[in-house]
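Note that chain A is present in both complexes that follow, paired respectively with chain B and with chain C.
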Partner chain A sequence: MALPLPPGLTPPETAFLCEMEMVTVIPRQRLEGLNLLGGPTPPLHPPHRTPLPFWLALLLKRQRRANILPPPWLSPPSLSSILDLEKKTPSFSPPPPLPAHTTTSPPFLPSATADAPPDALPYHWLELGEMLLEAASDDIPEPDNVRRLMRDLREVRMAKMRAGVNVLEGGREVNLNGVGGMEVSEGRAFIGGVVDGLRKIGASKEMSRREREAEERENGIGGGDEEEDEDDGMDT
Partner chain B sequence: MGSYYNIDAILTDAQKVPCTFTLDLPNLGYLDENAGGDIKAQTSISLPLWLSTLLAVQRIGPSQAPLCTLDLPPSISPRVLNALKADPRTVDLRSLAGNFYEGAARCLELFEEEEVVDVLCETFKKRAAEIADHAHNPRGALGEGADFLRGLDEMERQLFRAAHDSSKAMRLWMGEMKRKS
Partner chain C sequence: MIALQDTMATVTQQRVRGRPAHPSGPTFLTYTPNGKQLVTAGSNNVVRVYETGSDGEPTNLDDCQENNTAIAATNDFFLAGSEDGTVCMYSLDTFTYEKMLTRCTLPIRDIALSPDGQWVAVASDELEVKVVNIADTYRVLYLRGLPKPAKHLSYDPSGTYIAASCTDGIVYLYSLSTEEPEIVRKIDGLIRTLETESELSSRAVWHPDGRAFAAPTAPRDIQVVSSGDGERQRAFSGGHMGDVTALAWSPNGALLITAASDRKILLWDTKTQKVLARYDYPNVINMAWHPHENIVSFVTSDGELFIYQTFLQPDALPLLEKTLQPAPFIRDPLAETSGNSRKPLTNGVKHSADPRARRRGTPDSLDDILGPDLGGDEDDFVSDDDGAGYLGEINGFGKRSNGHLDAIDGFDRKRRATHQSFQPTIHHSFQPGSTPWRGNRKYLCLNLTGFVWTVDQDTHHTVTVEFYDREFHRDFHFTDPYFYDKACLSENGTLFSCPPANGTPAMVFYRPHETWTARADWRTQLPAGEDVTSISLSDSFIVVTTSADYVRVFTLYGTPFRVYRQKSSPSVTCASWRDYILTMGNGPVGGAGSTKLLYTIENIKRDEICQSEDIVALTEGAKVKSVFFSDNGDPCIYDSTGVLLVLQHWRTPGQARWVPVLDTKQLERLATGKKEETYWPVAVAQEKFHCIILKGEDQYPYFPKPLLSEFDFEIPCSTSAPPEDPQNPTALEGPKLEESFVRSSLLLSLLEDLVTSTNATHTQRTELSRREIEADKVLLQLLNVECREGEERGMKALEIVGLMRDRSGKMVDAAGKVAGRYGRTLLQEKIAELAERRLMGTEDEE
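For the complex of A and B:
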């Protein structure tokens, strides 16, 4: 055990990745374009809205050189409608639709700018929302309401994740579509542990099932691609 | 079965399983606290898992009979299984065996009792849900859940620790962020 860290990303690491999301700022001061490793930033001319990386926007916000325009989903009406949806269905609310012809993934999708879809939670919703509430609560309409809704959403979704382990067995799986980065880093250890434990306990049953299948294949009954796929799923 | 130095695997192997010998064995009486004597056929002795599995697969003599036959260990006796079926949460697995699940899995490799496997899987899932609830309790293992948590076996303890650590890391991050801004 060389590394004391658990597998996967820790919360600070997830938050660090989230800081590469683009957000929309309203500058208060002029600033020439900066040549950064991730590409040049557009020059800032107040009061024109400009997309900037989240980390730079946070820096400028702390120095009172810019205001951050919160993404449309971080508003009480959007959050409460998503919360209603979460309470109604057993699955997670769907992630925002991908723009057509894209090959990128978060944090390179424009999911936190002012023109993001208002009715879906993007991949980095939890960490982005929390950081915005901490650093720029004066730019967010009704911050206390937003904070309460965020906490409710988080609790509803964590409860769903925990309840998901009850359907796990054999080849069945939990549907984790739409789960955010921070939620993955929080739930990974537990869900991974449960899956691993069930695999250990069910090992003998799995082995006899495979033997039976191999026999059936030899006798020319059953067998085929379907079982192969299932086995692949169990190994991961 | 895990690494050579895996303590849990070693402890699992040391769990006792009742075996019944099918032959007279001379000079093996020390296994039955009868040093220098013989073991008679049909004697039942509790032997560690690593020894009994080897004896059970050993076939000798013209009849090709196994040297001994294994019984289900007391930790997965029908009485325990019935209790688990009734309510998995109230059973103190740790007092049955420190490595309850791993020991049971080792035995089940030899017995092929699919129903027992199903009961154990169901038990593990139900208890895992309970473990998750306790792990997210910021007061940790104190409070009302102490009795349940004391009865966790080694695998469940690791699960509890993992879930507790990740929720602690999350709280830590939230707290740090507040201090920074």
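For the complex of A and C:
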């Protein structure tokens, strides 16, 4: 059975996964701890800050039962310093450093809580930022400014990703360290297409080369015939 | 000159004859600081200098630039800026051209001389404002960052700030105290957007006391804005029917004159913001007060100059003769004597006007020659940080008046330090969790339940109570005719108190949040003459400390429960938690010349004193910023050095001691040195310090409602300097674990005290044993570090094992295993011996 979806995660799926991230909320009403499939949540006592999964925080926010504390990197000074860095260097800004003695990978790190590192974009920065701006823009200081900076950052990074495609032709690779989940799924179609196209071109070249070699072998190689053969190859 | 004044004093509202000074067009004028000369410039190439007091022809300087757009003068020279982009300097001695100060590519729009006369700020149609040194014109500072050209510039009286009224409708406040002038504040929505050529004015004119400036607003009012926080203060409103074209403060700041396109000049009283007089003069575009006489001069767009002798009528004249008057603040931070700010010294120089009549100026006196600007720092209002308010002493000549001769004051304040009898500094009373007035608002109470704030509406206040838990409580709001100035908020109710006013005594008002009767709120009046110094509210009692040094305890529904006099006085503050109350007062004078702060903790219900008149451990000169009980009932203080201290063993008399649990100056977030912030304490709960982060120089939180931040405890044990080898994170592990050991032992002992003294619940008991294990686990980790470091650390490792409290012996066993894993067999044997001794109970006890 062929799935109609392209391989890999689609943007909505990435956004769904992003909702597993932990964020810090300031509850506006009491709630006992819930025993959820993903583990128990801490009881909420306003105004104590509490870490909650993003999806639950969004739910509470929509019901006006909590305020979400935006992660420190989602602030105009942090974003603009990251943007400066992006503009200066050809590579992507580095992901947040891994805390010592850890074995987990980005989605399970506290990258969106109030104590996240302020100077690096985490794996889910784009989708998390967008969702926070959409659902909790009143909790974010200077939301318009943040929105503009997010847009700038996204464009700068997309441009880098597209520029990276140029070097793919030589069979070299592009360093995508620091690229976020959403950027990967957005870029997948384009980069996949390019790589596929390159592969096809490469394949036809390869095919012709093989044919030529086979022909040469049949003809019983002669030093002088080579030019002629090449011409033949070109015609085909 | 005086004779002239006297003869004209009887003439009321006489019509002043205009003198044709310049062709019609923009015209400018300025007095020299000594008031002897008046310089006018206009659209022709003549600058005229009028001698004050002489009705003769002015001296003309004929070879100036055409189309002058600005003028400024000192006693010796004047500067004229013109549309050709030059700023030239002319001598007032010889009346000749001296030099060109600077040249811009676009027309000059305004120039402002610094109060010391050494720098001139030049605004042109360029985006940069130049500040040029007059002696060395190659020394230039640039005020950058304006999106559009500046229309007006004005120096504050101390010369450290420049207010630039920009054509984008924003006033930019630049600080010149830094190497590169930088914008310290933008005040948006104050002035109109005007073109640089416009005859209307958007000038920000500094009040002579230097704490505020006034600027015309779009609705034709004059708005006073404090420079310290950019808040709107009082406004002079409802006077003009046309757009304001000029405004000027009188030299002492007691009066303001404004001119507008409604062909009127208005005279305002600063204190009441009322119009004192109206004068009908059309097209006035610039005005100037004579620096010390009752003369106002103004020019019109027809190029006429009016020199209005005896401008003020005799009824308003006393205002001009006053000493420097404060700017019209809504809540003057200096006049304020609420619980948070400090009262003037009991026997310091009074802030009120000088009791003796001011000496009149005499012609050619030294004052006239020196001028008022030599008085030095006129921004004393801002730097007057000991609250004595001695600025009133400086008179119009910038010198001390004869106020210091007043018998009450006794001594010259400069000499007081050596001559006056000893006067200890005392701790002033304050209400924990409240802020002083800023603008017309203040927080009465900020804690983890919610916050109470009040707005001054002149005739009444409006009080708003908001809760963090919006489901459990409902926010409320009421009009307050009693002017409550203190409040406490708890889960059960809100407590307010108001000071005595207009013959009504001080009052306490309690409003429970929930009630099952028709009316549960109550108010009680204190005996006449008694003022409330602080209040506190617990789950079961209300505590009020008063200015008569009484501690009054009420039950929640208003029954007076106890009244007693506080042993240490004057009273400072109080806090309460369940049945325990903590009161603080000034005790005996310590070595540093200030009183010791003493506290008493007692259980009201059991009538037991836990700590009697014990000392609040403060470092020299430090003050208590807040005092509160943590959610577990341990008394905490936060002092002005940024340290949070908790009182350990406070239930046993004589055993209490203050333990620092967090030094906010050593927080990791400040380690980079980039951030400049302070922390305003709110509460201690769940072993975290809840506070509000204040950026920059703010002292108190303000509106909009700030977010609470929380920090974990961190006992200052060792310096948290970065390790020599940043690649090796384990180097930091030892000190961190050591801190963690001290912290967990402290928290354990606090919990132990709580559990032994109350009917502890089962969860508290399990929590206690969990914490014991936690503390031992930290020691085990520490042992791990020591073992890893090497054989030679064995002694310390054994000592660490000795510190374990561990009753079951499991932890010591585990310690032996750790030692074994690292192959420290000798250590392992010694640990085994220790374990055996412990098991036998033969460990030597002291």
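The rule is simple: the second predicted complex is superposed on the first by the 198 of 236 C-alpha atoms of A that agree within 3 Å, B and C clash if a C-alpha of one lies under 4 Å from a C-alpha of the other, contacts with A are read in each partner's own complex, and residues count from 1 in each chain.
Following the convention adopted for this analysis, contacts are C-beta pairs under 8 Å (C-beta built on N, C-alpha and C of every residue); 3 or more make two chains touch, one makes a residue touch a chain.
Because the structure is a prediction, the values reported are computed rather than measured.
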{"item": "Contacts of A:Thr10 with chain B and chain C, given as first, second, both or neither", "value": "first"}
{"item": "Partner chain in contact with A:Ala203 - chain B first, chain C second, else both or neither", "value": "first"}
{"item": "Chain B versus chain C as contact partner of A:Gln29, first or second or both or neither", "value": "second"}
{"item": "Residue contacts on chain A - larger count, chain B or chain C", "value": "B"}
{"item": "Chain C residues within the chain A interface of the complex", "value": "448, 467-472, 685-686, 688, 707-708, 710, 729"}
{"item": "Residues on chain B engaged by chain A in the complex (per definition of touch)", "value": "101-102, 104-105, 108-109, 111-112, 114, 117-118, 120-121, 124-126, 128-129, 132-133, 135-136, 155-156, 158-159, 162-163, 165-167, 169-170, 172-174, 176-178, 180-181"}
{"item": "Chain C-facing residues of chain A, complex", "value": "26, 28-30, 46-49, 64-65, 69, 100"}
{"item": "Complex contact set, residues of chain A against chain B", "value": "6, 10-12, 15, 62, 130-131, 134-135, 158, 162-163, 165-166, 168-169, 182, 185-190, 192-194, 197-198, 200-205, 207-208"}
